[in-house]
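Two complexes follow with chain A in common, the first pairing it with chain B and the second with chain C.
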Partner chain A sequence: MKKKSGMNRQRRVEALTGYAFVTPQLIGFVLLVLIPLINVFIYSFHNKNMLYGTNIFTGWGNYEKLLNDKLFWKTLGNTFRFSILLVPLNLVLSFLLSLYLGEQLFGSRYIRTVIFLPVVTSGVAWAIVWKYLLQSGTAGPINYCLSKIGITGPNWLTDKNWAMISVVINRVLKNLGTNVLIFLGAVMNMPRDVIEAARLDGASEWQVIKRVKLPLLMPTVLMVTIVTLIGSMRVFDTIRLMTDGGPEGSTMVLVYYIYHQAFKMFNTGYASAIAVILFLIVLILTIIQWTLRKKVSHYED
Partner chain B sequence: MKIKVTGRLFLRFLLILIVTAFFVYPFWWMIVNSLNTSAQVFGKPTFLPVSWRWENYKEIFQIQPFGRHLFNSILVALVGTFGNILVSAFSGYAFARLRFPGRQVLFILLLTALMMPIEVIIIPLFFQMRDWGFNDSLKPLMLIPIFGAQGAFSAFMFRQFFITIPKELEEAARLDGLGSFGIFWRIMLPIAGPVISATAILAFLAAWNTYLEPLVFTSSLNNFTLPLSLNNFNDVYGQPQWNLQMAATTVSILPIMLVYLFFQEKVTDAMVNSGLKG
Partner chain C sequence: MKKILAIVLAAVMVLGMSSFAFAEDTVPMKIAVWTSNESQLELLGSFVQEFAEKKGINIDVTFESIAYADFTTKLLLELQGAEAPDVYWVTETSAPAFIASGNLAVLNDAMAEYDPADFAEGAMSLWKKGDDVYAIPFSTSPFILLYNADLFEQAGVKTPEEYIAEGNWTWETFREVSKQIKDATGVWGYQTVDGAGYTTSVMQNLLPIIRTYGGDAWDAEGNVLIDNDGAIEAVQLFHDMVYVDQSVVPPGDESSFYTGAAAMTLSQISRVSNLDEVTWKWGMCTLPGNNPVIGQAAIGAFSGSKNGELAAELAAYMTNKECVARIAGIWPPARQSVLDSEEFLTSNSRISPEQMKNAVAASIATGRVLPAHELYPQISVEAQMAYDKLWNADADVAAIMHEVGDIYRSYVG
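The block that comes next holds the complex of A and B.
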């Protein structure tokens, strides 16, 4: 009997210690994540202006305004265009590169090292350097080199047909290293005997990749696709520094528009409605990601 | 056969050349032009600096308070990283090893912070920081890495690690008379070295490189951090002074790059892990 109450006491002490240990993080979480998240929904139903200090409940007003805001639809379209260009390019390049690096040939270590350099570099620094590399005319080194082989390089950042492509290339190069190494981890874990068997059966290298390696790596491919997609929805620093949303708004994306509406036009209520849209997009993608992960780990078990 | 081998060798060298052009040359170009005059930056690229103008590295500290910006960045990244590790090591351990009612629910709630893009909550955060009197200061830049998505990620990493530690270790320590805090502080934290370094690398990089937060939360020049500072090297006509910008960018990248080259495996492992989970 005495022993049992001793056990109870120990239990209670353990629980109290547990609460004490998690409290700092949970307070911070509530103040810096949870309350702001609730507030962004509340703001989105208000006509809130930072400059005039107005804060009037308007119900669905901001969302109705969004429906008719041509610029909003343009930024949404630009964001998807950015993702649709970026995700496949990133995936194909990192997939092929990881297969090559998996063979551990001459130069693999060097490639592994240097493709990660932009990953640790700030997006700002990477964007500033590329802004110069891509200068128009023959001022930038890229167009200078192109002119030496008789090609007139485009105005990468000021031509509205090229600006988006330039930003996408910058972003792909910036983050390629992470995906290459994630794929490489999966490549190294592939069962060697299956691949050897396929080769012995006379399959060509391309068939081995398509019929054996790709299916084996499919769970990883799906995961990386979603993670890269979510990341692409959040692009901001690169755009702000390389094109500042231009030319003619052709690179204006969701986060840029949120920043513009909230901190340049001071329409914080309206900007919050756009932030809610971004939240919903990311939420849906995250739910897909978590369902996939469950399936993937199930498959791995 | 010989042609085939030579062809393959050629392709391998071509790949190395392309990779070098895209991933190394931009940095080389940056360093070369950080030692040029503004007029020498554009036009025919050179392999080495033309004028070796070392004064650029002095001038970046004179034209704006770049030294202050460097200090701000270091301060924010160090405080943010240290706070992040401390807070999340405690909670990660509790979520892994201490039994208390509501543990699962609270942990899942915390994990929602993992997926929360800062861009979504930046507007309410701005008002909140203003109400606390924290706007135009470095405090938001220190608090967000500790408690935001990066903090939740660290807690997740710590929990995953502590869950794998055998129970016998704690029981032995308890028999030796250590309390819960002592067990955590003297036994568990020291063996968590690899997790501490991995999460610290990620937290430091995130705090060092972040752009939107200083853009929103700081307004006076003295409170800028490096990412804001880099884009601020303009002459009196508002034209960027390219050579100085390159010198400043070099200063901002070089420390990170050296750390990366020295601890490459650790850094890449940490980043790959976060890429899979984050």
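The block that comes next holds the complex of A and C.
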């Protein structure tokens, strides 16, 4: 009897300690995430303008306006184009790099540092330096080098056919390190014996990757895909600094349009409606991730 | 015991009186600005103290420096809260929307004693609605032309001043000069304003040419003039400079005038400090045709201020002749009397009196501000998508300018 109440007490203390630890984070979450998020939903049903101080309930008015807003559809399309270009490129590169680095060959430590360096670099500095490197004609160092081997480089940032590609490559290089690290962790944790067994059975290196390593890494691949996809939906600083949405609006993405509506036009209500759409897209992606995760990850303990 | 009580009572009375006196005579004033330069804030602070002396009151002034990029956003948030500034600066692009929003007090009465007629009509156009003045410009900075005199000499080209003296400083001459310098020296003839003349500063870049050829963005009656024959001819001229002559630093190239990589550029006098370290000789003159864009900033009073009347009077005081004259070297004035004064010509140590007179003052006299519209940010983002199409060698200038015109027409008139 006595023993039991002692245990209860201990459990209570443990629980309290636990709550004490999460409280600061929880307060921050409620104040800085939850309440603003709820407000975004509320604002999205209002004709709220920060400049005029108006705040009139309009029901679905903002959403109806979205349907006829050419710029919204253009930015939505651009956002998807950006993600569709970025995610596979990022995934394939980081996957292959992590396999290579996982072998711990000569120089892999050095390469790992180089790949991770952009991740810890300030995004603003990174974008400004790249804007300089990617200058048109032969003014930019990259095009200058290309011209030395007989290639006429494009106008990376001012040609509408190239601007999006330039921004995507730039983002991939910037964030590759994070995904490589995650993959690397998974690669290092792969059971060596399984791979060893496959090799003893005479599997080629490609077969080992395809039939053993990839299935083992599937849960990680899924997680990284979704995280990268969601991250790509939020791209802003690179675009603001490198192309400012141009040329011809070819790099104007959803977050940029939210910024424009909220902080240039002060249409808080309308900007909130766009933000809600973005939220729903990310929410759907997250749900897909969770469902797929349960289906695909047979190998997870 | 009685003694102690007496002392306490006396203390309470003194305290009470002093706080009473405080409430009576010291007025808190918060002023939002986008400069954080100590000496500029000190100068502005001294204006407030002089105003306080004139009124016979005490003003407890606080300056709030908000970075220019966030200025309007943060200001608006504050105007809705309890910490709203009483007096604040207004950027030119947000002027029409600010006036329409009712956040600015009418300043007619407050400025009546400071000779309002002294402000050039053109300088006030952005800040008035009907006859009511909502803010008073303290800075009227025209876009002027800076040139690298050494490169002109190397190329054996006459200086802009010589062309001006001949009465031959036209956009056609400008085009020729730019090409001659490029051909003779290999250095770019012209760099648009900070290289942003194709994107964010496209209006500052193109409007001076367009206005010289009889076009404009739109006029006061709401007629869009951006795609009339003159405007198209003007844009074609600049387009040819970039793509036929290849004498202008092209889009996506960051070669800069200030590092000697271009012979001429569009600039404002605040940027002249960039030339402190250069080893070459530079000059300053008006643009061909002398139809420059003027960049403005104004000061206004918050309509919701607790000390509204005083705030309005303070805003008006800070733009009186004496104050404007003292800041003229930093922010070129909109007051004709100050522009005409000898002091103005020597107000900026980097610029000679002749340059101040022939380039700066002459540009202010004929220049105009950007077109104004409540929805300017929306118009500019949509128009930019059309303007971007210009920057290809085979662009159909007329068709693209008509497209810009259609976008303008959907908002204006």
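We adopt the following convention: the second predicted complex is superposed on the first by the 259 of 301 C-alpha atoms of A that agree within 3 Å, B and C clash if a C-alpha of one lies under 4 Å from a C-alpha of the other, contacts with A are read in each partner's own complex, and residues count from 1 in each chain.
Keep in mind that, in the parts below, contacts are C-beta pairs under 8 Å (C-beta built on N, C-alpha and C of every residue); 3 or more make two chains touch, one makes a residue touch a chain.
From a predicted model like this one, the values you see are computed outputs, not experimental measurements.
Trainee: After superposing on the shared chain, does chain C or chain B touch more chain A residues?
Mentor: Answer, by number of touched residues of chain A: B.
Trainee: Which partner does A:Phe263 contact after superposing on A: first (chain B), second (chain C), both, neither?
Mentor: both
Trainee: With the two structures laid over each other on chain A, which partner does A:Ala139 touch: chain B (first), chain C (second), both, or neither?
Mentor: A:Ala139: touches chain B and chain C.
Trainee: Kindly classify A:Gln207 by the partners it touches after superposition: chain B alone (first), chain C alone (second), both, or neither?
Mentor: Neither chain B nor chain C is touched by A:Gln207.
Trainee: Answer with first, second, both or neither: which of chain B and chain C does A:Leu117 touch in the superposed model?
Mentor: The first partner, chain B, only.
Trainee: After lining up the shared chain so the two structures overlap, which partner does A:Leu51 touch, if you call chain B first and chain C second: first, second, both or neither?
Mentor: After superposing on A, A:Leu51 lies in contact with chain C but is clear of chain B.
Trainee: Of the partners chain B and chain C, which touch A:Asp244 in the superposed model: first, second, both, neither?
Mentor: After superposing on A, A:Asp244 lies in contact with chain C but is clear of chain B.
Trainee: For chain A, what residues appear in both contact lists, the one with chain B and the one with chain C?
Mentor: On chain A, the residues that contact chain B in one structure and chain C in the other are 132, 135, 139-140, 263.
Trainee: In their shared complex, at which residues does chain A touch chain C?
Mentor: 50-53, 71, 131-132, 134-137, 139-140, 155-158, 160, 244-249, 260, 263-266
Trainee: Please output the residues of chain B touching chain A within their complex, sorted ascending.
Mentor: Spelled out, the residues of chain B in touch with chain A are 12, 15-16, 19-20, 22-24, 26-27, 29-30, 33, 41-45, 87-88, 90-91, 93-95, 98-101, 103, 106, 109-110, 112-113, 115-117, 119-128, 143-144, 146-149, 151-152, 155, 180-181, 184, 205, 208-209, 211-212, 215-216, 226-227, 230-231, 242, 245-246, 249, 252-253, 256-257, 260-261, 264, 267-268, 271-272, 275-276, 278.
Trainee: Give the list of chain A residues in touch with chain B in this complex.
Mentor: So the residues of chain A touching chain B come out as 11, 13-19, 21-22, 24-26, 28-29, 31-37, 39-40, 43, 100, 105-107, 110-126, 128-130, 132-133, 135, 138-141, 144-145, 173, 177-179, 181-182, 185, 223-224, 227, 233-234, 236-237, 240-241, 255, 258-259, 262-263, 268, 271-272, 275-276, 278-279, 282-283, 286.
Trainee: Write out the stretch or stretches of chain C touching chain A in their complex.
Mentor: Per the stated touch rule, the residues are 73, 76-77, 80, 97-98, 100-103, 198-200, 250-255, 375, 377-378, 381-382, 384-386, 388-389, 391.
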